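Let me give you the structure first, and then I'll get to my questions.
Read from first to last, the chains carry the letters A, B and C; within each, the first residue is number 1.
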Amino acid sequence: MTQLDDAVLLEKEDRAGPLRAALSSQTAGPLAALVLAVVIFSATTDSFLNAGNLSLIAQQSVVVGTLALGQTLVILTAGIDLSNGAIMVLASVVIGNLATDGNVFGALLAGLAVCLVLGLLNGVLVAQFSLPPFIVTLGVLSVLTAAARLYTDSQSYPIDSAFLTALNGGPTVGGVTITYGVLLWIGLTAILGYALTQTAWGVRVYAVGDNPRAAALTGIKVKRVLLSVYLTAAVVYAFAAWQALGRTPTADPSGYSTANLDSITAVVIGGTSLFGGRGGVVGTLIGALIVTVLANGLTQAGIDSLYQQVATGILVVIAVAVDHFVRTRQTR
Amino acid sequence: MTTDVVLQARGLTKHYGHVVALDNCDFDLRAGEILAVIGDNGAGKSTLIKALTGAVVPDAGEIRLRGEPVTFRSALDARRAGIETVYQELGVAPALDITQNLYLGREQRRKGILGTVFRKLDKPAMRRGSARQMADLGIRVQSIRQKVDTLSGGQRQAVAVARVAAWATSVVIMDEPTAALGVRETNQVLRLIERVRENGLPVVLISHNMPNVFEVADRIHIHRLGRRIAVVEPGRTTMEEAVAVMTGAKQPEDLA
Amino acid sequence: MKVTRVAAAGLAAGIFLSATACGSDDGGSSSGGGSDSGDVTIGIVELNLSNPFFGTLQKATESAATAKGWKTMKAEAKVPGDSATQVTAIENMIANKVKAIVLDPANPTALNPVVKKARDQGILVITVNATLTPIEGADATFATDNTAAGKLIGQWAKASAPAKPRIAMLDFDLSDGPAGGRHNGFLEGYGIKDGDPSIAGSALTKGTIETGQSAMENLLSAHPDINVVYTINEPVARGANTALKNKGLADKATVVSVDGACSGVQDVKDGIIGATAMQFPSKMGQLAVDAISKYLADGTKPTAGLNDSGTTLITDKPVDGLESQTSDWGLQNCWGEK
């Protein structure tokens, strides 16, 4: 190695901008799939490609999409969160119930508190007691599903507060509403993307998911990183609960029963590895959009909705296969 | 100066129940040398290394760093004192790139408000730093932006060594660094160890591989039954003799 | 590593399960069996109790049995379609020598072998809410005739429909017996067939508010002229209404549904749903227990096949020639939380 090589190498590095980072190979695949789906539906249906429908797709993506952002953090640490939908539902029914007294702001804070307590519970069990996240969150899911029913007596709460449903509103540009919920979703993606790629915390989250032993050997406090991930995810779930109330103005304990799996689907299709250490929130945002575009486009094309599930399932398998291929090729 | 002792231990003792892992053990590492530590399985050499890196607190004995007595209660204490270790299992995160691995746990932030409030990493500075470090050690890679999992096993271990050499200010300890590698890659890592020494850091090399040890070591610490029973020099002692002493087939006094 | 692999495998399975196994809001069933005197225990096997319909059915069956001085063994599927849990439960009930089993089958065929085993032991098996295939697999069935329910709202929709109907069909997985029955019944009542040009489009829901909303939004995006909306159940109708409201079309479209849950009847009263066909889960449970009682007393088996527990059209806009009740009547007779 000479100084010349060194100089060449540095020059090459300096040309790499943030744009290239955002469009790294990990998001290129999902992005291509999204573009392909949009092109196909635009060509085959009259109603797909218009601003109103595209705005609708974004609105339909926000709840699962927001949950999936938190899920991404957990999966990056080689964990999984099966309880995120149930945490969101419990938070939303708590908000719905408390809001009947009129103190909507307090109700929303209570919802955040519910999420944080449950995130702390998951985090402590996973980080401090080193229990497998799959089992921990499966147990929490089961408890919470029952808890939401017991708390509400299987009732749902209509939401009429303008504040709690505010995320469904938003500025109208050229006849198309861009809801605050969609803006919040994009904003959360940007913030988490920044935290993951531009801060030491992010590097450590990846390192802990990738090789926890190596991370510990370098002095990283693995347990603290894991706990921070579950707590950050919990805050994101609280936003998801708010999103859900905005989109469907009813706090329903039976709602969103598959949101946990849907969020994992979005994460996986978005190119994040279930084995941890690889992926990111931009991919997840794209993944969530892909799932919605398939449902929306196939419905409009008049194709039996069961094929939506077939298409989604195929994409999941492709995404997992690509991830497996990438990892085995590189760790040969 | 070359005979100055950087890291010294006297009378280290460690019991695990009735088992004596370290029995009044001495240790000396001189500035600018590669000191190999050899010993049969169960001779207690890993306990010695753990005591020197803070992973184990000895029951008795004293450790001195550049003449100053030190007490390591944890691996972090040893690291703060400038002692860094490369482990047998590859201590790298394969999904991260070379720069991220070199700076893992020691990331640099931007100056000013970007760093203090927004916690933004100073990626250009870290890239420059890691490029310099790789160049200093003569490690060839296509780009420091490469993910470690695109590297060969030897290159990965080289990254682990570069990491440790970058942060060690006193001593580099390598615990079986070539055990998982092929012949060619082993040679790369041996050259790297020599390079670390040339750049001014003394190296402790724990290895079972006698030809490797005799190829690069300046002195060899032979460990048996929880203590140092001999220190030999490769030029004056043969491999067979060293192995005989190590296994107890020959007494150290009988060495030429 | 092992755990993550298991997690990944479980996940893949789970994602596909979630794609296929979703709950409709239609009913459950129960069955009972028995022979002579002494302590009588009957088994009650329900679907997932997260659905208030099944909860109502279970409670009605249980209280009817308790009123007769019987003991009950209860079990329920964990998720829609979870017949495995039901099979295990029935095996346990056979081992405990129950006299009768009231079963709400999660699957029309998966439970046939274990039901046969129970009947071979002299246990009376009555299905409620849903049927086995063939229906003779059980001694008798007390259930809503979902085709008849669908027909009622189909006829009402036809009579109330605008001149140029554009129909949206918000379905649940049509392989589900009740869902298929309602769908076909609606079309029959409306006098059309699948593929009729007046059907603007159809979409699959999971029988919940939010999936109903998304499905309606997607259909409206392609067909903003939709003015008749068939929904598989009342939560879906609620979601469809939100979608219509968001587009300012709530007044232009008529929503019909099936269930008669109190929340759904309230939606009829509030004008969110035009008409709904009410079913009677309590009656199913009561009828099942009465049949068991008769069998235990003198060995008379109930009439084999489907015994309709009845459906009533609930609407505040009655049409000529179609019998209906008002939402006020409905609120007196509905099931679930008010």
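FYI, a residue touches a chain if its C-beta (ideal position, glycine included) is under 8 Å from a C-beta of that chain, and two chains touch if they have at least 3 such contacts.
Quick caveat: nothing in here was measured; it's all calculated off a predicted structure.
I need the common contact partners of subunit A and subunit B, sorted by label.
none
Using mean Cα positions, find the chain sitting nearest the overall protein centre.
Central chain is A.
Taking the mean of the CA coordinates per chain, how far is subunit A from subunit B in Å?
42
Roughly how many whole angstrom separate the Cα centroids of subunit B and subunit C?
70
As a quick test, compute the distance in whole Å between the mean CA positions of subunit A and subunit C.
Whole-Å distance between the two chain centres: 33.
Two or more other chains in contact with one residue: find those residues in subunit B.
If we look for residues of subunit B contacting two or more partner chains, we find none.
In the complex, go through subunit A and note every residue touching subunit C.
45-48, 52-53, 56, 59-60, 63, 78, 80, 132-135, 145, 149, 153-156, 168, 244, 247-250, 252-258, 261-262, 264-265, 268, 274-276, 295-296, 299-300, 302, 304-306, 308-310, 312-313, 316-317, 320
Along subunit C, where are the residues that touch subunit A in the complex?
These residues of subunit C touch subunit A: 3-4, 6-8, 10-12, 14-16, 18-20, 22-23, 50-52, 55, 171, 173, 201-204, 206, 208-210, 213-215, 217-219, 221-223, 235, 238-239, 242, 246, 263, 336-337.
Please output the residues of subunit A touching subunit B within their complex, sorted ascending.
Those in contact with subunit B are residues 1-3, 5-6, 9-10, 12-14, 16, 194, 198-201, 203-204, 206-207, 209-211, 213-215, 217-220, 273, 277-278, 327, 330-331.
List the residues on subunit B that touch subunit A in their complex, please.
Residue positions touching the partner: 75-76, 79, 85, 87, 89-96, 100, 103-107, 109, 118-121, 123-124, 127-128, 131-132, 134-135, 138-140, 143-145, 147, 149-150, 163.
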